[in-house]
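Structures for review follow.
In what follows, subunit A forms one complex with subunit B and a second complex with subunit C.
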Partner chain A sequence: MLRYVLQRLLMMIPVLVCVSFVVFFLMDLAPGDIVLQIAPQDATPEQIEQIREELGLNGTVFERYFRYLKGLLRGDMGESLSQKRPVADIFFERLPRTIELAFGSIIVAIIIALPLGILAATNHRSWIDGVSMTTSMIGVSMPNFWFGLLLIMAFSLHWKLFPSFGADAGIKSLILPAITLGTEQAGTLTRITRSSMLEVIRQDYLRTARAKGVPEKTVIRKHALKNALIPIITVLGSTLGNAFGGAVTTEAIFAWPGVGRLTVKAVNDRDYTLACGCIIMFTIILNLTLLVVDIAYAFVDPRIKAQYSK
Partner chain B sequence: MDKVLDVKNLAVRFETEDGVVRAVNGLDLELGKGRSIGLVGETGAGKTTTALALLRLVPDPPGVVECEKLELDGKDILTMSAKELESVRGNDISMIFQDPMTALNPVFTVGEQIAESILLHENVTKVESMKRAMEMLELVGIPAERAYDYPHEFSGGMKQRVVIAIALACHPQLLIADEPTTALDVTIQAQVLDLMRRLREQYQTSLIMITHDLGIVAEVCDEVAVMYAGNIVEKGTLEDGFNHTKHPYTEGLFNSLPNINDRKAMLTPIKGLMPDPTHLPEGCPFEPRCPYAGEDCKQPQSVRSFNETHTVRCSAYDRPGFHIERKEID
Partner chain C sequence: MKKIIALLLVAVMVLSLAACGTKEENTTGTNDGTSAVNGTGTTDISSTGQQTTATEGLTETGELAAGYHYKEEIIIAMADEFTTIDPMETTAETNQIVQDCTHDLLTDTNLATMQNEGELVESWTMEDPTHWTFTLKDNVTFHDGTKLDTEDVYFTLMERAPQHSTTSAYAEKIKEFTIVDDLTFKVELVNGDVDFNYVFAANSLAILSKEAFESMPEEEAIKIGTGPWMYEEFVPGDYVSLVRFEGSTLYPVPNTQRLVFKMIPEASARMIALENGEVDVIMSPNATDYARLIEDENLQLITEVGRGQHYVGFNLANPDSIVTNPKFRLAVAKALDKEEICIAVWDGYATPSTNIHCRDMGYYNDIEGIAYDPEGAQALFDELGCNGMTISLVTTDSAVRTKFATNVQSQLKKYGINVDITQYQTTAFNELQYSTPGETNGVEMFILSWTPGKNADYMYRNTLYSTGGRNGAHLNDPEIDKLIDDAAGEMDTTKRAELYLELQNKLVTEIIPWIPCAQATLTFGAAAGVTGAKIHPGLVHQFKECERIIAD
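Take a look at the complex of A and B:
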């Protein structure tokens, strides 16, 4: 198991190099120049060149990339061009908020999706199945910003239960953003729960369990669900990984100080180092999440555990 | 004779989109305490469906079970609530399923799976139930410490022993074994059959052995019932069924067995196929394939008794002097 984890961690290095390469060059191709934004209106070409050098933006794109990569491999993501502070500091300042939102939304998604998906599967092709599938479809297709605004109108403006923006009111301010994001995630999760349960429900070992006299509820919750968990965990993991990358629309509507908005702003400002740093951090976080998911498989399915220990 | 099982006029049909599949049609079955009966017939004859109906485990929908009488040890299974059924299943009546490869839940240890049954039906703690599960494993010839292993760590024969251990964990009165040896190779078959016989003697369990192997019936059972197209066509003691065969279908089954003394002989199969269960004929379902068929076979068939135990569902015996070609053995 430990060897497997180390292997996976080492595999992240080439991934990170590739990602940094692509991001760095894409940022370079984007029109606009932060130097011109920073420099005073009446700056002479010499002054502009001087600023460029101070910011480390001189030389060809390859020179700049290798300079950046050298820093990166030492764990130094450089300094933000617009904020003049280390990228790592800025990122980790906002990361806790994003983690809060990610876990909050995933909890909402699980609370909605698991019961709905299981109900749909156990009542396959009945009206319950239809209602739950329609609900999940609505969840997926409803635009996030619209649903978020509806929630604000209802719970913040009308009933004044929760704040409409910011993250200063603790759990109270988390609720609306988490519901907004969680509803969207619940859609996919419901579908995957349903199809995975449908697969398992046909299995012979459930009949064995029933023949033992196991009550139907236990058959579904214990015998079937544990077998259906692998695909559910997979989707859960990638959803969580994506949520760590910041939910830009949700963060924007609720003025949530997470990393999603930070990244978008960095790209718009042509703050190359900050944007690259954020995206590389997302890559690392997503990879770690997926690794945790793969390890979680082993705890769900003894057959996979046996493979890891080989 | 104390009856463990008393079934009258059992009918199971599956209402599917492609029509109504009549899997079991008016089956009668009785079984005495400690007795064993072999349910024989080709694939699709309704053997497994009959067994599932006894446990009330026929999937509904699409399955519909109708029955005049379905009693287990005097208790009416037909009118039981879901909760009562749960206390009967695995406790009074339990089943060994056909395919040991898929009958065990892959994500629980075999010990947990045996213990679950004990925990459900008997007033024991979790620790005690696990101890009992380990005893059951020893009983079926698997070392107790393997209780903590998962099904994928066992071979097919061992898995079948685990399935048997689950079925016998609460010492049921009636055990239904649905082709328990079909998925196993011959040496393991013999071991499993031997094991079942020993355990049955030990606990005085009645047995319904579902199989298509007449050899297994001769080895394990006291009685034999031959099924065809959802009904029992011939039923009797081993002596009745094997030595005084009456029904043309049973005769066909015996004729299609390979002869060990004449290895060059061609097999004589029963020609044709079983009728489509969505369109069963009104008369004898075997009539299209029967070498003795006559006009009288197109009428609904009635059961006739030859002695106290031997019953046959064939109207050809109304013809004067009718007999099948197979010789009676005394």
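Take a look at the complex of A and C:
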């Protein structure tokens, strides 16, 4: 198992180099010049060139990339061009809020999706199945922006139960953003849970369990659900990974100080060190999440554990 | 099955109705602290000054009335992020708005008179355009308790400013800085500048404490200013909070104890937070919310005509385009109905422009410009054979520019001209306009705005001077350059005014590199009882004396 984990960690290095290359060159190809954003409006062309030099933006894109890569391999993601502070500091001071939101939304998604998916599968083609699938469809289809504002208007403005923005009020601040983001994730997860459960429910060993007189609840919980978990965990893992970088709309509506908004602003400002740094960090987080997911398979399915041992 | 779907739909409708029904509930005045201050939404919007708001809770002499008190904390919702405490690290208005509360400048714009006046400086004299003497105000105290003197000014301008890309250009203007005594200093300039006092109004040149930099770490020393507010906490991406400076001598000690700037990017979310009583002031509300702000007795709309000149520009360096023909530019100027633009783009919250020069700046002349003349425009277009032609127009992707471009497109369509609109993200647009030569960038017409932050010279030198860094029209006219230079160097104000009048007439009616269309109204939404939230036409809004009176 340890060897497998080490192998996966080593495999991340070329992935990160590739990602840094692609992101860096895409940022360079995109039209826009951060120097024009930073320079005073009355700066002369000479002063603009001076600022460009000070920011290390002179030279060809290859020279700049290799300078950046050299720093990256030493663990130095450089300094933000717009904020003039180390990228790592900026990213990590925002990451805790994003982790809160990502885990909060996953919890909401699990609370909604697992019961709905299981109910839909165990009551296949009944009205319960229909309701579950309709609900999941609504969850997937509703735009985050609209649903978030609806929640704010109902629960903040009308009933005054939760704050409408920010992250200062602890768990109360987290509830509405987590529901907004989690509802969308729950839609997909419900459908995956249902289809995975349906596949398992039809297996012979469940029929045998029932024939042996095992209570239906135990059949579902111990035999069916456990075997249906692998695709569910896979989707959960990638959903969690995506939530780290993909919660931009939710962060904007609720003024949530996370890394999603930070990254979009960095890209818009053409702050390539900050944008590249954020995207590289997302890649690391997504890779680590998928690694944890792979390890989790072993705990759910002994056959996979045996494969890792080999 | 159908019943269940119907039930679900009903549930969604109930949620929607609950959400949509909030306005009625909110106007009953149940929000904390707002219900007692009624009738404060009556406003008087003048074209020259801030909106005045009659505030309950004050006596005729301006003292706090019995039964009222100042709210301890004012929360201001901003659209953009505050990113840095260091005034020299930024030119972004959002940062400068906060820094304006904590740090002061040598000179600044008086928002009541719109004149450049001394802030930390008591007086100044210009011996000739290259030799200036400034005297500081006495007894001004920094947050660390030290007194402001000329050593601090020298340290800021001559030691720290040259180290920063945003301020080094200002420092380079000074050839020699001489300290005369604790309060007097002289500067000799590299090149003469009759408006040099305006340079000291640049927000990035806020005066820092030399002693603080000698006695504490840089990240702490940078927070020390002379403003009536001191930094308390900065949570990146979330908020920055200030506490009042009890030892403030330059400004009265604020009645409010804590000022918090919150970052809420979405305008609709800011409006909800204001209605919900979670914030006291919001910047840049949606135009669609103005009516709610005016009608709700718990809220108010604060307005001020902005300095930003919104215009349609022409790339005069494009050799393949008809826009290089002055007759075509004149025809477009006659063709555009600016009143219609103001209504379509800003819901009427804008003032049509006749002059390129911004209304609130010195040397503005109320010239006639080119009046809306559809028949005259059609005749010119016919003469040029423009019927059925297609012309390209570029602009940024903001909502205002989208509406503006679409309106210009529909107005020119009436004359048989098709406008092909391309929108760019701001940084991409800036690069296209300013870093790519006008001969090759392919631009014909563009929509943009210009918000000059300083003096009359600044209005023209960067945007219409042949070597100006923001000369998107690529105007290269020696006569215009000479007029700009002559006006900037003229010490006699009467002669100077004449030169600016000549320049304005020439640009607006003869050369027409831009068609000035409108100066948009800048707005704040605020809770009732809020005063001292001052809109700056140049966008560095002032909250130094922001307070809110509420009933006990």
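Throughout what follows, the second predicted complex is superposed on the first by the 309 of 310 C-alpha atoms of A that agree within 3 Å, B and C clash if a C-alpha of one lies under 4 Å from a C-alpha of the other, contacts with A are read in each partner's own complex, and residues count from 1 in each chain.
Here is the rule we go by: contacts are C-beta pairs under 8 Å (C-beta built on N, C-alpha and C of every residue); 3 or more make two chains touch, one makes a residue touch a chain.
Everything numeric in this text was worked out from a predicted model, so none of it was measured.
Looking at the shared chain after the overlay, A:Asp294 reaches neither subunit B nor subunit C. In the superposition on chain A, A:Glu49 makes contact with neither subunit B nor subunit C.
Within the superposed three-chain model, A:Gly213 lies in touch with subunit B and out of touch with subunit C [touch as defined at top].
When the shared chain is aligned, subunit C comes close enough to touch A:Gly130, but subunit B does not.
Once the two complexes are overlaid on the shared chain, A:Phe254 sits against subunit C while remaining clear of subunit B.
When the shared chain is aligned, no partner comes close enough to touch A:Asp28: not subunit B, not subunit C.
Within the superposed three-chain model, A:Glu199 lies out of touch with both subunit B and subunit C [touch as defined at top].
Contact comparison for subunit A: of subunit B and subunit C, C touches the greater number of residues. In the overlay built on the shared chain, the residue A:Pro302 is in contact with subunit B alone; subunit C does not reach it. By the touch rule above, subunit B contacts subunit A in their complex via residues 55, 57, 82-83, 85-91, 94-95, 97, 99, 102-108, 116-117, 120-121, 150, 152-153, 163, 166-167.
The touching residues of subunit A, counted against subunit B in their complex, run 203-205, 207-216, 223, 226-227, 300-303, 306. On the subunit C side of its complex with subunit A, the touching residues are 1, 4-5, 8, 12, 15-16, 18-22, 25-26, 77, 81, 83-84, 86, 89, 91, 165-166, 168-169, 202, 204, 235-239, 262-266, 268-269, 272-273, 275-276, 278, 424-428, 430-432, 434-435, 453, 458, 461-462, 467, 469-470.
Residue ranges of subunit A in contact with subunit C, taken from their complex: 30-34, 36-45, 47-48, 50-51, 54-55, 82-85, 90, 93-94, 97, 127, 130-131, 134-135, 138, 149-154, 156-160, 163-168, 252-255, 257-258, 261-262, 265, 268-270.
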